[in-house]
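Common to both upcoming complexes is chain A, partnered first by chain B, then by chain C.
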Partner chain A sequence: MGATILRSWKVRIGLAVFAVFALAAIFGPWIDHALLGRDAKALNYLAVSQSPNSQHLLGTTSTGQDVLAQVIVGARDSLLVGLIAAVIGTALAILFGVTAGFFGRGVDTVLNFVTNLFIVLPIFPLTLVVAGYLQGTGPVTIALIIGVFGWAGGARTLRAQTMTLRNRDFTVAMKMLGESKRRLIFVEVFPQLSGWVSAMFLHGIIGGVLAEAGLAFLGISNPDTVSWGTMIQNAQQQNAILNGQWWWFVPPGLCIAAIGTAVGLINFGIDEVASPRLRSARRVVRKRTSRTAARTAARTGSEAAA
Partner chain B sequence: MSRRNFLRAAGTAAVAVELGGCARSGSTSDVRRSDTFSVLNKDVQAVRNYNAFSPSNHATPSFGLVYEQLVRLDALHGARIRPWLASAWEFSDGGRTLTFTARRGVTFSDGTPMTANDIFYTLQLPLKHAELTPSGVEYTGVHMVGRDKVALTFDEPSYQNLVECVNVRVVPRHIWQHQDPVKWTNPNPVGTGPTVLQGFSSQQSTFRRRKGYWGGDLPMEYVRYPCATEDAAKLMLIDGELDLATIAWPGATQHYVPKDPRKYRYNPPPAGGSEGVAFNLTTPPWNDVHVRRAMSLAIDRKVVSRVMNDGQLPMYVTNLDDRIYRDWIAPEYRGKVQQLDVAGARHELQQAGWSVQNGRLVKDGRTHRVSMRFCNDYPAWHIESAVLVDQWRKHLGLDVELIAQPGATFFDQVNSGHFDIALWFCGNGTSMYQSYHSIMDPALSVSAGKVATGNPGRWNDPATKSLLAGMRQTDHEPTLQKLGHQLQKIVVEQVPFVPNVSGNMWCVINQSYWTDWPDDRTSKMIAADSGPDLVLMLQQLKRVNQA
Partner chain C sequence: MTQATADLILAEQESGAKTPVRRRWGFFGRRVGFYLIAAWSAVTINFLIPRFMPGSPADAVIASLQQHSGGPLSPQTIGAIEKIFGDPKQGLIHQYGSYLAQLAHGNLGLSTSAYPTPVGALIAQALPWTLLLLGVTTVLAFLIGTAAGVICGWRAGGRLDGGLSPLSTFMSAVPYFWVALLALWFFGFRLGWFPLAGGYNPDASFGSSPGFWLSTLRYGFLPAVTIIFSSCGGWLLGMRNMTITTAGEDYVLLARAKGLSPGRIVFRYAARNAILPQFTGFALALGSILGGALLTETVFTYPGIGHLLYQAVSNRDFPLMQGILLITTLAVLLANFIADSVYVLLDPRTREQGE
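Coming up: the complex of A and B.
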């Protein structure tokens, strides 16, 4: 399957962009120290509010922090929040959705009740309240909050899908043969859901990155952490727009947009693999098909002539 | 979001904007901007609550314009007390009795004359309803003396408590006695001030000038308070929608004033106290004077002030601003600011057996991770705390963890003693006594967990306690000075808290419509958004002739 996915240019570009950010996330502090020779948090009182120049390629903040160094280091917390939130959110969605859909009856009633409860909860204000209550909210805490409050919609989708798969011929047949429930779930039902789950996961990543930025923008973050969200928040708080310091908020904003695009592109590719109908529309396939058709037509034509 | 939902949401938003616009213009469409004085209301959740005693954070502004106080604090001139609704006052019985004389010729906005009876009624309300003043009042009795005098009685000599009366707002007895002062929101306030409430919406309240104000009519017909966040207020100041906002503006001298120096002004005068660092003095390492000194010595206050760039200057060692308290400060400390002294700071730590390892304070195998709380409602405090942390990292190798908290929880948390160190308002401009009383009077110390009304670090020095008690027992200036000098010595040598940069009386001004603003050196009053200083300032302003 891996090779099939990589055949799409969208996936290749998406993965490449994502890889760049992943590298920044993993080696960010090292890159800052070794290549730029800077600490993202260090204040430089002699270089306050500078526009981009040869010393500071993306300029400096109003306390003299290097924006480029912050963008690189900021990738770590932003992506970390995105990944952890996506893992938690997707796992909970699978746990609740698939279990409820497969077992039905009482189990479904209980799990579906919980799911519905989380759907109607006013998630955003609740997130604010919880995040405000937990002081010194680091990236992991923020990710936990986002993940725990953000799984319910996905669970409903998976439940509905599982319910249809449960009664399909191939599942019923295997059930009649006496397959164990665990095997039915993991071998018959779950693989059919992989497209949904991967889309959900990728959506969860960008959702997490955006939610982190949103919470940071509203002032809910640890003042010690540097993420794209806290960068935008600091810029807003210190009037970067009013003062014309565009270099302070545009780079982190673009990074968030780039991550969103990358994840979207990867998702297109996975969609095509998971859903054969999309794949058939691909140009390569179309070309191949039309060539075969032409050849067949030519052969029939010559046969008819003979 | 589907397209239909999106369109619906967008439509709703547009209607909401429209309505908001209507509401705003509806109340002022017949009012010329040049007839209006516009000042920022920083409370963006305005509630129609004009109860002068309401402890709620969301009571709308009326102080000065509707309700007035007994006495006025002259913040620019050594924090002296001046007459306002009380024309005179006198201490007797060794400072245990304070008698006010009611000013003659003052009327409420419904035409009723204000008498000593109203003052009596006002002053006894907090005694009857303790819940109206959470921090309590110092006096224990109120009595009428003759027809035009009211006396407060205290259990102990209380010469230093006059300044508390700065916050008393006199209400009309004939209206209030029919209401429950604890629950009443007083939607249509009647007071002695120069205006009456004209209109209220959650976006803005408008006051209209009234005839017959005892201090003389205001030059403008309307005073309005639009509600906005600090960020929005800055745009409104640039646009001329606001004449005055009492906010800090880092970088205003670069990004605001130069846009048009004839229009835009930013020159906040000192408030008397400082923004500094409070320690939790009950536990190590902060109960060790050497560690406190080291923290103070490792700050380059000039750098802090320069990076903040909002007019806050390095604070003087005594925590009394020389520009206000000059006559009160011991000669050896006048004009003195603690300079950066890295070697000195390290020496202090060494002397007491402390070292810094991996960013933490270590002594006898015990490690301490320093964490500093600050209130994240103030944009300037983000910069100030970041610079402080940077200084300690650079000069001592100390890693200080920052904890940002909203004001709703920050002040109670620190006052209840649950903190390590905190960025804090230290001292004030109300008097030398009040300044030290509020930040370090052991008499205010309560056990950890209880919310104190001052002295959050729980400073427990007997000498401080007796000096402050001594000040309460006299109004003899030379004695007060002598006691004050000894207190200053304690502040400088024992460092119960660290004065960092000056606290300022914030004001950002746009003089497109009004001119003759108070100049910080020669004027009688400060530029204020409430209280007697607002009234004095409004009376002095002159209309700018618009072309």
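Coming up: the complex of A and C.
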């Protein structure tokens, strides 16, 4: 499965972009100090609000902080929140979805009700209000809140998928052979879900990054931390638009969009492997288009001959 | 792609597998029941959130209000706050009872940042703006995204699909408020085509004059385009994948074999069936569109619920935050209920009379 996924150009581009940001998240401060020779938080009142130039490639903030350095360091908090939120969200989705799907009956009724409830509740305002009460908390708490509220869509997918797996021939056969339930879930059913789970996990990362950015933008985050969301919030608060300082808010937003697109592209690839129909449809189309291409080539060829 | 789309495909498979077919009214009744319980849960969650947070909610509100006004509060004010936020000395059940009684009278308490304006009045002022903005943009985004999705899915792997699918992935990954900032900076500041803040021209007389309505169109244009831009990508991807799935079904093959015109096959056979899960996906999408609209309003200083929520958060106005959360939750539940009901009308399987 891994090799099939890697064959897609979308996945390769997605992974490459993701890797760049992952490196920035892990080595951000080191990159800033060793390669750029500056500190993201260092104030420099001699270089205030400069537009991008050779000294500061992405310009400076109102306190002379280097925007490029901030973008690189900001990757850590943004991605950390996304990652933790995705881990919590995926774990809850597996817990609720697989349990409900596998055991059915009363367990399913209760768990499915909770899942449906979380699906129809507007999660962002809920997250916002809870985070609002805990104002100024660290990224881990924020990630916790985002993860705890954002698992329901995934749980529904896993539930439906588990339900179809439960009644497949091979699971029924295993049951007949007296296989234990635990072994059935962990050895037989679970590996079949890996495609869905990984897609869900990737989706959770971007969801977490977006949610963190949204919360930070509304002013709910520790003001001492540097994340892409706090950068955009600072820009908004200091009227970057009216002053035309686009370099305050364009780079961090572009990073979020790039990460999200990378994740989306990877998911495309996983999808095409996980649901064969999307793949076979592509193949049919490719055959059809190559036939049309051949026909047009023949036609233009005959026209050229005439 | 999105996990939501995958989810839709599964939900569809699942509902298709259910035989015998449920009666329409049984289905309907179950949905009504679910939404009633959901509404009750929303009210209860709203009651519980402040009480699970560190410190007593009433004390926190009293403290912040005292900071604002710079002096001790009158006993009536303290009484009003304790009424809505629960006297910490009372039991939880008792607090819950009085909270429900307050709600039943439409009382959401008093705003602390705009004291002594009732929360309900502030929300009533802001709600129409958001409802109008969201109503228009949700319908437009749905129509645009779904139509583009049919085209992409029908010619999956084609040139249009090759371009639009990654683009819509990008569009749905971009944060709403960032698109809003870009739009405001470029079209508002650089080109000067649109106003930079507000929901209407303050010089035009508020109300029914045509000048006022024209100005709301001009002021609402950028926020609307932003929301449509960020939210139609999701619809596109969902519809694209469902169209690919239905395009491989036997009945589409039969339609082809019968020699029906491609347009008829696409719209009467493939798309008609592919669109059903889009309505079930409404629930998933609506919450995120609302969240995005709240942020977008903040950027444009649009006089809706989102901007009000922003002010509530920055002023730590907890009664207002609570009230907005409750109202938006109930509004989303209502919209979902309507979407579900439409689904019942569209899907013959939920409509058939018994076996």
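Here is the rule we go by: the second predicted complex is superposed on the first by the 269 of 306 C-alpha atoms of A that agree within 3 Å, B and C clash if a C-alpha of one lies under 4 Å from a C-alpha of the other, contacts with A are read in each partner's own complex, and residues count from 1 in each chain.
Everything below uses one rule, namely that contacts are C-beta pairs under 8 Å (C-beta built on N, C-alpha and C of every residue); 3 or more make two chains touch, one makes a residue touch a chain.
Given the structure is predicted, the values throughout are model-derived calculations rather than measurements.
Asks: Give one of first, second, both or neither to describe whether A:Val120 is in contact with chain B, with chain C, with both, or with none.
Replies: second
Asks: When the two structures are overlaid on chain A, which partner does A:Val107 contact: first (chain B), second (chain C), both, or neither?
Replies: Once the two structures are laid over each other on A, A:Val107 reaches no partner at all.
Asks: Taking the superposition as given, does A:Asn234 touch the first partner, chain B, the second, chain C, both, or neither?
Replies: So A:Asn234 only meets chain B here.
Asks: Applying the touch criterion given at the start, work out whether A:Pro223 contacts chain B, chain C, both or neither, answering first, second, both or neither.
Replies: The first partner, chain B, only.
Asks: Is A:Leu242 in contact with chain B, with chain C, with both, or with neither (first, second, both, neither)?
Replies: both
Asks: Counting residues of chain A in contact, which comes out ahead: chain B or chain C?
Replies: C
Asks: So, does A:Leu6 touch the first partner chain B, the second partner chain C, both, or neither?
Replies: neither
Asks: With both complexes overlaid on chain A, does A:Ala16 touch chain B (first), chain C (second), both or neither?
Replies: Neither partner.
Asks: Regarding the shared-chain residue A:Ser62, is it in contact with chain B (first), chain C (second), both, or neither?
Replies: First partner only, chain B.
Asks: Give one of first, second, both or neither to describe whether A:Val172 is in contact with chain B, with chain C, with both, or with none.
Replies: Neither partner.
Asks: Jot down the residues of chain A that show up as touching in both complexes, chain B in one and chain C in the other.
Replies: 132, 135, 219, 236, 242, 244.
Asks: Quick check: in the complex, which residue numbers of chain B touch chain A?
Replies: Per the touch definition, chain B meets chain A at residues 231, 234-235, 238, 249-251, 254-255, 303, 306-307, 309, 374, 376, 379, 382-383, 385-387, 390, 401-406.
Asks: Taking the touch rule as given, give the residues of chain C at its contact with chain A in the complex, in rising order.
Replies: Against chain A, chain C makes touches at 1-4, 6-7, 9-11, 13-14, 34-35, 37-38, 41-42, 45, 49-50, 53-54, 155-158, 165-166, 169-170, 172-178, 181-182, 184-185, 188-190, 196, 241, 244-245, 247-248, 283-284, 286-288, 290-292, 294-295, 298-299, 309-310, 313-314, 316, 318, 321-322, 324-325, 328-329, 332-333, 336.
Asks: Inside the complex, what are the residues of chain A that reach chain C?
Replies: Touching chain C: residues 10, 113, 116-117, 119-126, 128-130, 132-135, 153-154, 156-157, 160-161, 163-164, 196, 199-200, 203, 206, 210, 213-214, 217-220, 232, 235-236, 240-242, 244, 246, 249-250, 253, 256-257, 259-261, 263-265, 267-268, 271, 274-275, 277-278, 280-282, 285-286, 289 of chain A.
Asks: Which positions of chain A touch chain B when the two form their complex?
Replies: Contacts found on chain A: 42-43, 45, 48-49, 62-64, 132, 135-136, 219, 222-224, 234, 236-239, 242-244.
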